[in-house]
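Take a look at the structures below.
Here chain A shows up in two complexes: once beside chain B, once beside chain C.
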Partner chain A sequence: MIRYEFLMQIRKRSLWISTAVLAVAMVVLQGDRGPRYVPDGTPARIVMTNWAVLFGVLLPLGFGMVLADRLVRDRRLGVGRVLDSLPTGPRTLVAGKYVGSVAATAVAGLATMLVAAGFEFAARRDPALFGWAFVAFALVMLPGLLFVGAFAVVTPMLITAPLFRILFVGYWFWGNMLSPLFLPSLTGTLLTPIGDYAASWLLGETALYAGVDGILPWLRPEPGATAAAVSAGILLLFALIVVLLVGPPLYRRQQRAA
Partner chain B sequence: MGRVGWVGWSAPFAAVIVAVAFAALSRATGTARPYVADVLLAGLEAFVPLAVGLVAVTTIARDVGRELHLALPRAYLVTLGRRVAVVAASGAVASIAFWLALVVTDWWSGPGPATATLVWLAPTLALTGLALLVATVSRSVVVATTTVAAMWIGQQIYAASMAASAWGRPFLLFLTSRVGVVDGWLTNRLVLSLIGLAMVTATAGLIRRRLLDEEER
Partner chain C sequence: MDIKTRDLRRDFGKVQALRGVDLTITGGMFGLLGANGAGKTTLMRILAGVIPATSGQAIVGGHDLSTREGRVAVKRRLGYLPQDLGLYPDLTPREFLDYIGILKGLDDTAARRRQITDLLDMVGLTDVAGRKLKGFSGGMRRRVGIAQALLGDPALLIVDEPTAGLDPEERIRFRTLLSSLAGTRTVLLSTHVVEDVAQTCRETAVMAAGRIVFTGPVADLVSAADGVTWEVTTAGPAPAHGVVVSAVSRADGTRYRVVSAERPAPDAVPVAPTLEEGYVALMRRLSPAATP
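Up next, the complex of A and B:
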């Protein structure tokens, strides 16, 4: 199940087109504070974390859009009955589809980071850039992708894919980029899937809004290694709950209605 | 109406409800009244257009009976236009009702009645036109919805920069809620409306040659 879902997703042209379009857009729009303008001699850790922060602003949008139809399409394509005949329960099926499709989507995100590392390597000649591309992707982008992916795969079974996409766009801006100093938002909390805490730890300074004052102050500790680990742990916990506990009954209901 | 589905006609109303919920949360946590009014204005100028644009894509993208429909006397383009019209009409009803509610409750902070319609109409036309055009050209719901989402969030992030520059201001979708009714506001609204209409027209011209494919493409 995981293998086939991975292969289906990684061959999906829209995954690569949307990732490329969003990555290029962020490179063009990064402004003079973006990673392209980090001074020579800056450690590879800082350079690649800055790229992860930049890509983390928009790439998850595309990931959420592309993952939103992974389970609802079974009913539409009429393959639900075939899948029901397999010796696997709904939990295994939902988890398998989640792992396979999110893994393939993660490959697109990692590829973007490696392309950025290659671009930086041409100018800085530091092989450590490639190693830090992996690390920055794993710590800054991956926990958020697992979190977003869980909701993108499961939630459309409840509210449909179009409505999920609308709410997801609004949530992404409100919960990740809207300053809590302006309006009450989840931005800057441990629940922020944009990877703010991990990035702030790697950079040694606040990347975006991690820890700034706002609602739910107990979710806004000072950035650091512990806070970054707790943030990643919470995001993973939410992803597991959604995939393993919420997903299977929704999938069963969807198959019954088919 | 039936083919559009409950999401198609209810999404703009859901956007209004989300805006009101945000405003209530802001009010409850002590946010100043002008900022709360801006949230409500953003509901009209940003949330509803986003909902209409994204739903319009899926309204025309998936059609298991397309082959059958192509054999009918009525042009397929007319059918697709009627489906988009249902979504657009729903967006218009939701917007006008929300605007009236804000005026009556004294929460309206936008322009006067003569031009208030342009607050939601211009960005709705622009985003819907973009969504339909990209969906038709790319034949992919994912690419179209991602493009609209990126445009929406990108403009939210760079709103201040766009408003400050002479070239960017006419294209800023959220000029009213992020800056106000300032110099160049009417030009901005007209430019966005014309761009939106141009993209809808281009879509109508292209759609016969590039019928949309399955969502999972």
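Up next, the complex of A and C:
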């Protein structure tokens, strides 16, 4: 089942178009502090982490958008009527759809990092860039994708997919990019899926707002390896809770209402 | 696989979709007739384990559908073709069937794929097995639907309005296919198209307003119109009495077949009824105010 969910998502043109458009937008908008302007001789770790931070600003928005219909479209397409008659339970269905579609979405994210690594390699001639593309993606972008993906797949069973998308945009900017110095927000805490703590650890300095003063100070430790691991762990835990505990009852409720 | 329901009820808020359904099916091809809104689909969905009943009992193959274990057990031996079948447009028929096969618990990949190849051949879709489903016609989609229902060689096949929207050739093809499947399994065919039942089923039940109003051999339902089926040819208007079941234009006028307790016209002659006329006669008897 995961294989076919993966195939359906990877074949989705909007996944690739949105990823490409958002990635290009970030490359164009990065300004003179962006990764393209990192001096020659900078370690590949720093270069690719900067790219992961750059892409992590907007790509997850696109990911959330394209993942939002993966479960609810079964009802819209009418496939749900067949799925309801099968012996596979809601937990397996929800988890299978999540894993398959998020894995395909991760491929798009990783591809973006590898394309960036390719451009950097053309200039810097450091093959380690490709390896660090994988590492930066895995540590900075992937935990956030897993977190965002869980909510994107499950929440539209509670509210409609269009409403989810609107609220998600608001959450993304409020909870990940709005400086906590101006307004109370989750930005800079262990809970933000933008990968700030992991990026700060890899860079050896604060990437965006990790650890900056704000509400919930106990969620704002100094960036480091432990904080990065805790942040990733929290994001994964939330993803698991949403997919395995919240999703199945919502799916069952959806079945009964159909 | 036997099906037995007793005082089965299902409410959707204030709407009573099923009002105490008692039904026994012992095997073969069984037709469930009824108008739109009679409760057929609701009954199908309960028997397929998709929704629970509000009250009453439903036992399928010895499994009680009021328990989760019972529903799962039935689903393992069930093939279901819903009324409005949906498919994933970005998968091919082969991929879609493999997807459903996996969810049906057919874990032996080689055996599952062999079965899919055989099923695609049976429904005549081998040549398009690699084409994406989004370009498929209604008839082709329905054939994919029956193929997915047959995965795992189910003992019980529930097909809900399988020929709705199909052209005559597809409809005949579908009926022939369904008939061929009934030999070794129970096939429950729900339809409002009387001809589907007439051509394929030995036994039938009729539903109206959430209840079973007839159950028995198809021949008995036909007999409900014995003595009340007439044929009259006239150049004038249709007979005012009774229910006109068919009207065929001819050179000398229009030939009407009418179900009526009284002779509808002086020159009307009694004729042997069809299943459709039996159905109309039954409905008329149950609700004379609803039909003239």
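Basically, the second predicted complex is superposed on the first by the 258 of 258 C-alpha atoms of A that agree within 3 Å, B and C clash if a C-alpha of one lies under 4 Å from a C-alpha of the other, contacts with A are read in each partner's own complex, and residues count from 1 in each chain.
We adopt the following convention: a contact is a pair of C-beta atoms (placed from the backbone, for glycine too) under 8 Å apart; a residue touches a chain by one contact, two chains touch by 3 or more.
Being a predicted model, the structure only gives us computed values, none of them experimental.
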item: Contact breadth on chain A, by residue count: chain C or chain B; value: B
item: First (chain B), second (chain C), both or neither touched by A:Q255; value: second
item: First, second, both or neither for A:K12, with chain B first and chain C second; value: both
item: Partner chain(s) touched by A:D69 [first = chain B, second = chain C, both, neither]; value: first
item: Contacts of A:R125 with chain B and chain C, given as first, second, both or neither; value: neither
item: Chain C-contacting residues of chain A that also contact chain B; value: 12, 77
item: Chain A residues within the chain B interface of the complex; value: 12-15, 17-18, 21-22, 25, 29, 57-58, 61-62, 65-66, 69, 73, 76-77, 160-163, 165-170, 172-174, 177, 182-184, 215
item: Chain B - residues contacting chain A, complex; value: 5, 7-8, 11, 14-15, 18, 22, 25-26, 29, 31, 35, 39, 47, 50-51, 54-55, 57-58, 62, 138, 140-143, 145-147, 149-150, 152-154, 156-158, 215-217
item: Chain A - residues contacting chain C, complex; value: 1, 4, 7-8, 11-12, 74, 77-89, 93, 255-256
item: Residues of chain C defined as touching chain A within the complex; value: 48-52, 72, 75-76, 78, 80, 82-91, 95, 98-100, 102-105, 145, 148
